[in-house]
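Just below sit the structures, each encoded as structure tokens.
Heads up, the next two complexes both have chain A, just with different partners, chain B and then chain C.
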Partner chain A sequence: MLIYFSVLLFALVAALYGNFCVFQKQGLIADVLGHSVFPAVILSILLTNSKSYFYMMVFSFLFSLLAFAILNYLKRNPLLDKDSIMAIILSGFFGLGTLLISILKRNSSNLISGVSDIFYGNVSAISSYDLFFILWFSLISLLVYYFLRRYLIFSSFDSTFFKFKFKIHKLVDFIFYFILTFLVTLSINLVGIILTSALFIIPCLISYKFSKNYFQLEMISSLAACFSCFLGVFISSNFNSVPTGPLIVIILGLFFISAHFISIKPSKL
Partner chain B sequence: MILISLLLTLVLSSLCLALVSPTLVLKKEAMFVDAISHSVLPGIVFSFILIKSLDSFLFDFFAVFFSFLTALLLKKVFNSLKISKESIIGLFYTFLFSIGVLMVVFFANDVHLDADAVLFGQVEYTVFDTLNIQILPFLNATHLKLSLCLLVILLWVKFFSRKLYYESFDFNFATFKFKNLKYLNYIFYLILSFVLIMSFKVLGVVLVLSLAIAPGLNAKLFSKNLNDMYVYSLIYCVLSSLIGTFVAYSLNISIAGTIAFCNLIFLLLANFLKTNSMHKN
Partner chain C sequence: MKIVVSNLSVSYQNLLVLNQVNFNIPINTITAIVGPNGAGKSTLLKAKLGLTNFNGNISFFGKNLKESRSKISFMSQYQEVDWNFPMTVFDLVLMGRAARLKFWQSYSQEDLEFTEKTLKEVGMWSKKDSLISNLSGGQKQKVFLARSLVSNPDILFLDEPLAGIDYKSMQDIFKILKVQKEQGKTIVVVHHNIEDISKYFDYIVVVNKKIIDFGPVEDVIKRRSISKAFNS
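Now for the complex of A and B:
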């Protein structure tokens, strides 16, 4: 019961923040952050010699922040375009993870068994302690969302006006990316590091087909995310060998395809 | 002997990718490559189910065909959906990649086409299928395939690639001047999927992405014209694969991972050097 509750809450929060990702044209930022989590998890296993969830979270959070900082540093050079920078950063961090995993294989091969879960997600591997962690941080992010929502709507639809009107625009951006990084870190056990961006992008794309105002968009996107996460977790906890992440993503994708054919509204995003 | 064989494989495949990378960087299609390289997985698994072997020529043919289809499909989706590019890529590749992962889980889990091998690549295993030639004992079948690939790409660079650059600098002029620009793009995607499939088995999804973008991007920082860009990117790719291989071989760690990480470090270094020299001027 706890697993459904925390996963659904997490999906809701991810969809809410993901809407702003899509509207700020930052759809693939979750992808970069997700890839940068991989070396962090392996490094935490190597250094602490155990699979403690807490240290994994701390390391992953630091590495995602590092990836984000490198992205922003390289973006300042006008000769480099954003797409190429993102490609290099995500492959570089993933390469670092591959490098560390080969060290881990050589040194302590008994710890390697559950590592492949972080690629595609595995709900049955989450312990109740981790679930409480996910639950509490989703609640905190939801609370922050309540205060941040107004500013984020301004910043994603008219960023110049937002910068002119509110003096705290840098603080709002910082908190937004801070929480986004944390949500990506939390999602590694659920959808895995490679498919994280789907959980943030696709609900927004589905709800954009139907909604007429921002409140409706939030409602439909969080409903779609919750429903597909529920189905994915349900199926994968009943059939053992199926990884959770791909299931959730396929259900979301099927939703999107059916939404695309059902809706009559011409979409422009 | 193993080291020479490994080096030859890596240098050949990175040369192939470095010849494509200036076009990719100038067209700003880096994440497009990422999307193709992930979403080709169902095609690879499907052709494996059809052919039942990873080494035959037919498998490569079918895999190239499917990845070309994927690229065309992605282009079609770009034009028809009217959503921003990043969101489409995020939607498209995650959906197809998860279909591929589930196909691997259900149909092909027992053979050595597991999903981890697709991610990491298996440079270290290519050395074993040698061709048994007396004079060149380190030569293996992968080398032959890669040199064939290199030849095809050289021909493409010589005869077809130039006109594509007009498109990346001035789209309207290019569509006005060349009537067959659409077909030139199709040829480019065919060549791209050919290179990607050929280097997948050796390098894995993520290193392919790194080696396809890093040479062109580093060369773009320092070059003043297109020929320089090609020369610099070729020099860069040979250097990075040599350095990466030696570091990885001496520390006994994964080669593909080391090269991808080195590319990130080199890009940071190059950016640092370039911005410093810009401030001086």
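Now for the complex of A and C:
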């Protein structure tokens, strides 16, 4: 029961925050954060000589912050557009992770088993302690979302107006990316590094095709994310050899294709 | 009582965009900021609003920006906004009331009534439940203008509010601005069309990296400063 409750709550929060990634034209941000987690996890195994979920989380969070800092630094360069910056960070961290994994293979070959769970997710590898952590953090994120929602809508729609009218614009941005970073880190064992952005982005793309206002968009994207995660976890936990991440992404992908054919408005996203 | 800009300079990455700009705008007027593309019109507006770093001083009827912020409203450029955002016309206009609220507060009945009144003033009440993506160019600008008016500001800054709209919508928008002026508001508009300038504006600021001229519209036209700015 706990696993379903935690995962559904997490999916709901990921969809709500993911909607803003799409509307702030930062669709790849979850991917960037996800890929920055890859070397972090391997480094945590190498340095602590264990596969402690806690250390993985700490390292992942620090690396996500580093990726985010590099992203903001590179944004100042007028020659680089958003996509190029994200591509640089994404491939850079992936390269570092690949290098670290070869070191891990050479030095601690006994710890290499189960590392693939980091790439594609495996819900059965999550302990009850980790599930409680996911549950509590998702609840806190949901509460923060309640207060942040209005400002995130304003900043996504018209960032110039938002910056002029609201003195708290920098604080809102900081909280948003702080929570997003944590959510991406938490999603490692569920969907995996490679597929994490799909959980944040696809629900919004599905929902956009049926929504007449932002509240409807939130409802439909949350439903799509929760249903896909429920099915993914159900199949994965009953057929142990199937990784959770790809299942969730395939289900979301099928929803997206179906939505494309039965949508009520033309695709603009 | 004036908006006073003194010794204002703005540069981006060592490139001087505006150099030692000085002018003032009297209260209760409609003023156009005109100049060729890349002259620094929008930069000047953004500097006034504190949206870009600058050197120099700007005061609004004797007060600085921090003290005046709640009395100023701003309409962004049409292209700077995500019109595909799933939002209704009513919600967009209501956004203009949000700066008064604390983060834990919801909109009051007064906010909703004010939004309704403003939408009726700009003739967009019948579209209140429409998605903003379904509006025409002129309707979008009217709704956008309504968002700036709904906070009942004393000063309105509008960045190219007439860009990409038809003649009828342009006339409607100027009618709304004239009513606002009669109610005592000071309106500053970044404007690109110089042909009809004497018809709608009281004052003009002509800019091309620096101030070419400013003053009452008839005087500036007599001095042929606009053509100088466009040809320099």
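Everything below uses one rule, namely that the second predicted complex is superposed on the first by the 267 of 269 C-alpha atoms of A that agree within 3 Å, B and C clash if a C-alpha of one lies under 4 Å from a C-alpha of the other, contacts with A are read in each partner's own complex, and residues count from 1 in each chain.
The rule is simple: contacts are C-beta pairs under 8 Å (C-beta built on N, C-alpha and C of every residue); 3 or more make two chains touch, one makes a residue touch a chain.
Nothing here was measured: the structure is a model prediction, and the numbers come from that model.
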item	value
Touching partner for A:T160 - first (chain B), second (chain C), both, neither	second
First, second, both or neither for A:F147, with chain B first and chain C second	second
Which superposed partner A:L247 touches (first chain B, second chain C, both, neither)	first
Partner chain(s) touched by A:M1 [first = chain B, second = chain C, both, neither]	neither
Chain A: partner with more touched residues, chain B or chain C	B
Partner chain(s) touched by A:I262 [first = chain B, second = chain C, both, neither]	neither
Chain B versus chain C as contact partner of A:N213, first or second or both or neither	second
Which superposed partner A:I168 touches (first chain B, second chain C, both, neither)	second
Which of chain B and chain C A:A198 touches, first, second, both or neither	first
Shared chain A contacts, counted only where both chain B and chain C touch the same residue	25, 268-269
Chain A-touching residues of chain B, taken from the complex the two chains share	25, 28-34, 38, 81-84, 86-87, 89-91, 94-95, 97-99, 101-102, 105, 115-116, 119-120, 204, 206-207, 209-210, 213-214, 216-217, 220-221, 248, 252-254, 256-261, 263-265, 267-268, 271, 274-275
Contact footprint of chain A on chain C as seen in their complex	13, 46, 49-51, 69, 74, 76, 80-82, 84-88, 91-92, 95, 98-99, 103-104, 131, 133, 147
Residue numbers on chain A that touch chain B, as the complex places them	22, 25-28, 30-31, 35, 70, 73-74, 76-77, 79-81, 83-103, 106, 116, 119-120, 194-195, 197-198, 200-202, 204-205, 241-243, 245-247, 249-250, 252-253, 256, 260, 266-269
Of chain A, residues touching chain C in the complex	23, 25, 78, 147, 150-151, 153-154, 156-161, 163-166, 168, 208, 211-214, 216-217, 268-269
